[in-house]
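Below are the structure tokens for one structure; questions will follow.
We just call them A, B, C, D and E in the order they show up, numbering each chain from 1.
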Amino acid sequence: MNIAINEIIKNYESDNEKTLNNLAKLLNFGKLGGTGRLIIYPVDQGFEHGPDRSFSINPEAYDPHYHISFAIDAGMSAFAAPLGMIESGFSTFAEKIPFILKCNSSNSLTSIKDQAITGNVKDALRLNCIGVGFTIYPGSEFNFKLIEEACTLFRKAKEAGLITVLWSYARGNMSKKGETAINIISYAAHMACLCGAHVIKVKLPTSYIEEDATKDAFVKNNIKIDTAVDRVKLIKKSCFNGKRIVVFSGGEAKNDNELFDEVKAIKEGGGNGSIVGRNCFQRPRDKALKLINSIINIYKD
Amino acid sequence: MNIAINEIIKNYESDNEKTLNNLAKLLNFGKLGGTGRLIIYPVDQGFEHGPDRSFSINPEAYDPHYHISFAIDAGMSAFAAPLGMIESGFSTFAEKIPFILKCNSSNSLTSIKDQAITGNVKDALRLNCIGVGFTIYPGSEFNFKLIEEACTLFRKAKEAGLITVLWSYARGNMSKKGETAINIISYAAHMACLCGAHVIKVKLPTSYIEEDATKDAFVKNNIKIDTAVDRVKLIKKSCFNGKRIVVFSGGEAKNDNELFDEVKAIKEGGGNGSIVGRNCFQRPRDKALKLINSIINIYKD
Amino acid sequence: MNIAINEIIKNYESDNEKTLNNLAKLLNFGKLGGTGRLIIYPVDQGFEHGPDRSFSINPEAYDPHYHISFAIDAGMSAFAAPLGMIESGFSTFAEKIPFILKCNSSNSLTSIKDQAITGNVKDALRLNCIGVGFTIYPGSEFNFKLIEEACTLFRKAKEAGLITVLWSYARGNMSKKGETAINIISYAAHMACLCGAHVIKVKLPTSYIEEDATKDAFVKNNIKIDTAVDRVKLIKKSCFNGKRIVVFSGGEAKNDNELFDEVKAIKEGGGNGSIVGRNCFQRPRDKALKLINSIINIYKD
Amino acid sequence: MNIAINEIIKNYESDNEKTLNNLAKLLNFGKLGGTGRLIIYPVDQGFEHGPDRSFSINPEAYDPHYHISFAIDAGMSAFAAPLGMIESGFSTFAEKIPFILKCNSSNSLTSIKDQAITGNVKDALRLNCIGVGFTIYPGSEFNFKLIEEACTLFRKAKEAGLITVLWSYARGNMSKKGETAINIISYAAHMACLCGAHVIKVKLPTSYIEEDATKDAFVKNNIKIDTAVDRVKLIKKSCFNGKRIVVFSGGEAKNDNELFDEVKAIKEGGGNGSIVGRNCFQRPRDKALKLINSIINIYKD
Amino acid sequence: MNIAINEIIKNYESDNEKTLNNLAKLLNFGKLGGTGRLIIYPVDQGFEHGPDRSFSINPEAYDPHYHISFAIDAGMSAFAAPLGMIESGFSTFAEKIPFILKCNSSNSLTSIKDQAITGNVKDALRLNCIGVGFTIYPGSEFNFKLIEEACTLFRKAKEAGLITVLWSYARGNMSKKGETAINIISYAAHMACLCGAHVIKVKLPTSYIEEDATKDAFVKNNIKIDTAVDRVKLIKKSCFNGKRIVVFSGGEAKNDNELFDEVKAIKEGGGNGSIVGRNCFQRPRDKALKLINSIINIYKD
């Protein structure tokens, strides 16, 4: 194992060998393997937003194989998806890319800020996954339930040698703008670490500070949050002073250049990488490959 | 195993041999055996709508044996029903037609959009079923609960070598017309696939598009939904680009010819078949046999 | 086993030998043994209506032994009661009459349309019962919960070789008069069969038809419901075309002659028997013995 | 075993030897041992009303050892208390007095009419208790939950050879005065018996009759309830015609003489004894010993 | 074991040897080892108040290692924190300080007065902790749920040989000022003892008496609560007359001298120690070390 990866892995002080091996698999796979950076390809948008809203712009994307094959060809670090999608490509793509089983999902047919558990550790093991993913909604009226479900899942996952990825999205008890506010995302990221996640997934925060009891600290203690780099640094700090892997999903980027700027900020701020879904499968395959290639090159630079 | 069937079965990449054998049983049984098409006979209307509303028009239908014997004589692919009904014909019809245990049911005495679990995998095994069926209501306030129950049931079913059939009916957070809208049914079908169902059962969608966040995609991306054939194609696409078996229940058909047109559309659109209940048992046996014969002939053509 | 009994038992196609033996015990015990008719003596009114309202008119009835001894002397088929009552006579009356453990109960101190589970299969086995009883309230806001509890209990009961008796009382989502309406009782009885009950217990329905989605069928299909005999026949029909045992509790009877008329109607309509509680223990023992004797004679005739 | 005790114990027809032995222990311990009467000392008022309201009037009573030692010296039959209190005196007082673990408790900081489970059978066995105690609130919106919890606890207790004591306090769906009304207490006591309790604990009822569906019976059937003796007799009657042990907590007594009158009524009415807490620990030890001595003498007379 | 410690430990009469050993470890560790006093360093404020509000004033505190290393260097008795934080320092600090796993947490993104379970006994054993910590909110609408969760956790903990620490914070059904009122804290502390906690953690109470049913006792019985020493004495009294270990978190202290006065009061009142978090990590390390040193000296004096 190279030194960069070793540095990251040794921060996971309580995990068993199997889990650390799976973490190493994640960090050593794909074109960013060995760099300490990673890029995960998630496809749960069919659940969250519906198949047509997600895939009709690029109809090949209705096919699960399209996605897994794309993730492999693009040199991504891992493929994350709900149960049915991973089942669908299980034997065709066995051992060709690390799978992460997304174990709960919401949908847009309902407005309840909760999620349904669709997968568990047994499923993840059956499907040869390296880990499990889960979403919590800090601030939602279901936040305690979701946190408990995450911790229960993660306990079993670690016991079974799997890694754990926590999508931490603040919802409910805040303004819409507040969902991506720097103080909120920082809080949500820290909570994810305390829940014992190996990898924390948050949205790239804005410089907006939600009006709440945590706001004062930003002013009084001069926390730097003006640039995206500053904000990525703060999130990494909130994640056990950088001891946990943090990946970011798209912020306010409107076009590819803005997206690249975000990636550069993640890199410079010490973020571990990106999780990119819609920006890939909602454009033609060749263009998506090019996009990911550019992102990878930024991280590798 | 013939090639058509093999093509379908190989899409189920993660299942164990026992489950694949049961899937093959379903696809090879009855007059449509080996064609890749199927027709399932469900009798849970006594639970959902009451016995008199369902059966009094053809009083022989009060008897569970009537139904199973009918399904056999009509050359159907499988018989699906709640616990008590399958128990009632268990030994008389053993091995004479594949049984699917419908494991939850609602009823019209209540207006709560939920279902009660009445059967499980243990029951299904005891009753020699090839699989289990379950209903979810995407959009209902109970949707997360129902999805979790489905996934829990299906996990145990797959482990035990059973196939899984998911009735996915949108309810609640939409207009009445929206329950059969093309964007809603497409979404509900995709969710069923992500839950890991082997067979997805939806209503034949109309061309109506429910006003919601998924509507835009239909306009912007020119999704073809004008004809029933188009819509069946879209649903199959939403079901992992055709990698999952989809059966349809009756749409707006008012008479037999309209029903045959629907079947033709299902066939032409690549749908895997029909699930026909009331249209059979609410007419005399000989007429029902003739009806099913006609449907089978359309699929076989 | 005589032919009549055999005819009934062979309708239970999926049960194990132990359960069938217990069913045979029920059908062969007491003065109606071997006739295919039965009369069950239930004493849960102390729970449902309170001890004083139930027993003070005939104070001997405060004693559980009074009831069990009465049931034996009257030649009844079985004694059904909640946990404490069966425990109280367990050794004194061991093997002297079949016990059915009523496993849930409500009470009049509350107005919530639910029940509490007070017994289970373990209790039933410990107390040498031949079966378990349970109440569901179709139409109540707790109907799904109750149905699930019934099915879970029944699954374990069948596995353990016990028979299952389902009290199916519509409540909640209907008029008071509707609770005994013919369309409602027919529906409730059918649901009980689908839940897998061996014996269904409903109230003798009136000729009133509740205004709901099932009403049309009664008119359109000319379902005969004018006489009590007609209505008993319909209920038996709803119970898998007579393949399930159905017992009735008192309808609108005001005096003994009316009660005998009801029994005659049950007999003529093909009902399997009566469940008589208050009409026994709310009159002196000798008069109650006489009453039951008369009922038995009607059934035997 | 003497005859009086034997008479009582033989009413518990379904219990195993271990449970009967524990019941015998209870009935043979203390100064009332062998008389068929008993006096239980409960200390859960710290939970129910708070430590200062309960103990500051006699500060020694803050110490759990004070209570257990008092119960022993006073010649009481058993000591009943929540988990922590029994743990606190476990080795000091081992085998010196029968312990009953009170397994649920409420508190006055909340107004919700529910209780929290704080102990179970495992705890009771670890702490060498002879039995478990539990409270239900018939009439409260949580009554079904509490009854189910009681029955679940009692099932395990009986299996483990422990006796079961049920505090049955009507709450919620009635007037404040109704909580001690004779018709309500009689109902609550009977429900406790049906739940399978060995020992039933109720408040001494008043002659008030709550306006509800059970009231008519009192008038129509001339139930005698004028004197405390009458009311105790009725409660014993409601408890399986005297086949269950019933103990009473203080009624309306304002001073010791009134309290003694209540005890005399309990004795004369056939009640099995008293449960006395506050009347002991809220006066100096020597005076409390004297009080209990007087009560015991009344029962012994 | 020295006498002081032995005196404390022998009050835990029902615990197994492993648990008593862990209790001894706690009491013998750090600079206060062997004195019968202790000082616990808790870091769950990142969960409860957010990382930035907690740590940005002293950015080194974003790092879990900072805290554990500080606790060791300061000579504290134990380090208490949620799952992720203990995992993060597991191997680096193995055996260097006793760990207590804080098993539930709330957060400021929600206003629901509940907590999420994030850790359990399995986690605590895996992480080599000496015990588990839990928070209950007496008075909150979730108080019964939290108490049950605490008791369930503690049962398993004791079985596994772990000690149990209960944070008992009154919430909800009282005024804001009432949350630290002497009558409320005394009640909350006593409830914690009854739940079976080994160590009780409450806030240092004020002399305010909340208006409720317990208030009268304070007046009538002349309970002394004027000075902090009086109040600490009362709390110890409420905790089984001093038989349980009680630690206090900061009261109204505005500066260090006031804080030292509080510590002196805790000492003089017989309290077992302090739990100090924010007062440490929200100032520079050297100043925090000095603060703790002063506190320790007060306790040692």
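The criterion applied here is as follows: contacts are C-beta pairs under 8 Å (C-beta built on N, C-alpha and C of every residue); 3 or more make two chains touch, one makes a residue touch a chain.
Because the structure is a prediction, the values reported are computed rather than measured.
**Q** How many angstrom lie between the CA centroids of chain C and chain D, rounded to a whole number?
**A** Distance between chain centres: 36 Å.
**Q** How big is the gap, in whole Å, between where the Cα atoms of chain A centre and where those of chain C centre?
**A** 57
**Q** Using the touch rule from the top of the page, what residues of chain A touch 2 or more other chains?
**A** Expected reply: no residues.
**Q** Edges wherever two chains touch, nodes for the chains themselves; is that graph a line, a ring, a star, complete, or other here?
**A** ring
**Q** Could you walk the ring starting from chain B, turning first toward chain C, and list the chains encountered?
**A** Order around the closed ring, chain B first, chain C second: B, C, D, E, A.
**Q** Show which residues of chain A lie in contact with chain B when the two form their complex.
**A** My answer: residues 44, 46-47, 49-53, 56-57, 59, 62-66, 82-92, 105-112, 114-120, 122-123, 126-127.
**Q** Spell out the residues on chain E that touch chain D in their complex, using ranges where they run on.
**A** 11-15, 138-141, 143-145, 147-148, 151, 155, 170, 172-174, 183-184, 186-191, 193-197, 212-214, 216-218, 220-221, 223, 234, 237-238, 240-241, 243
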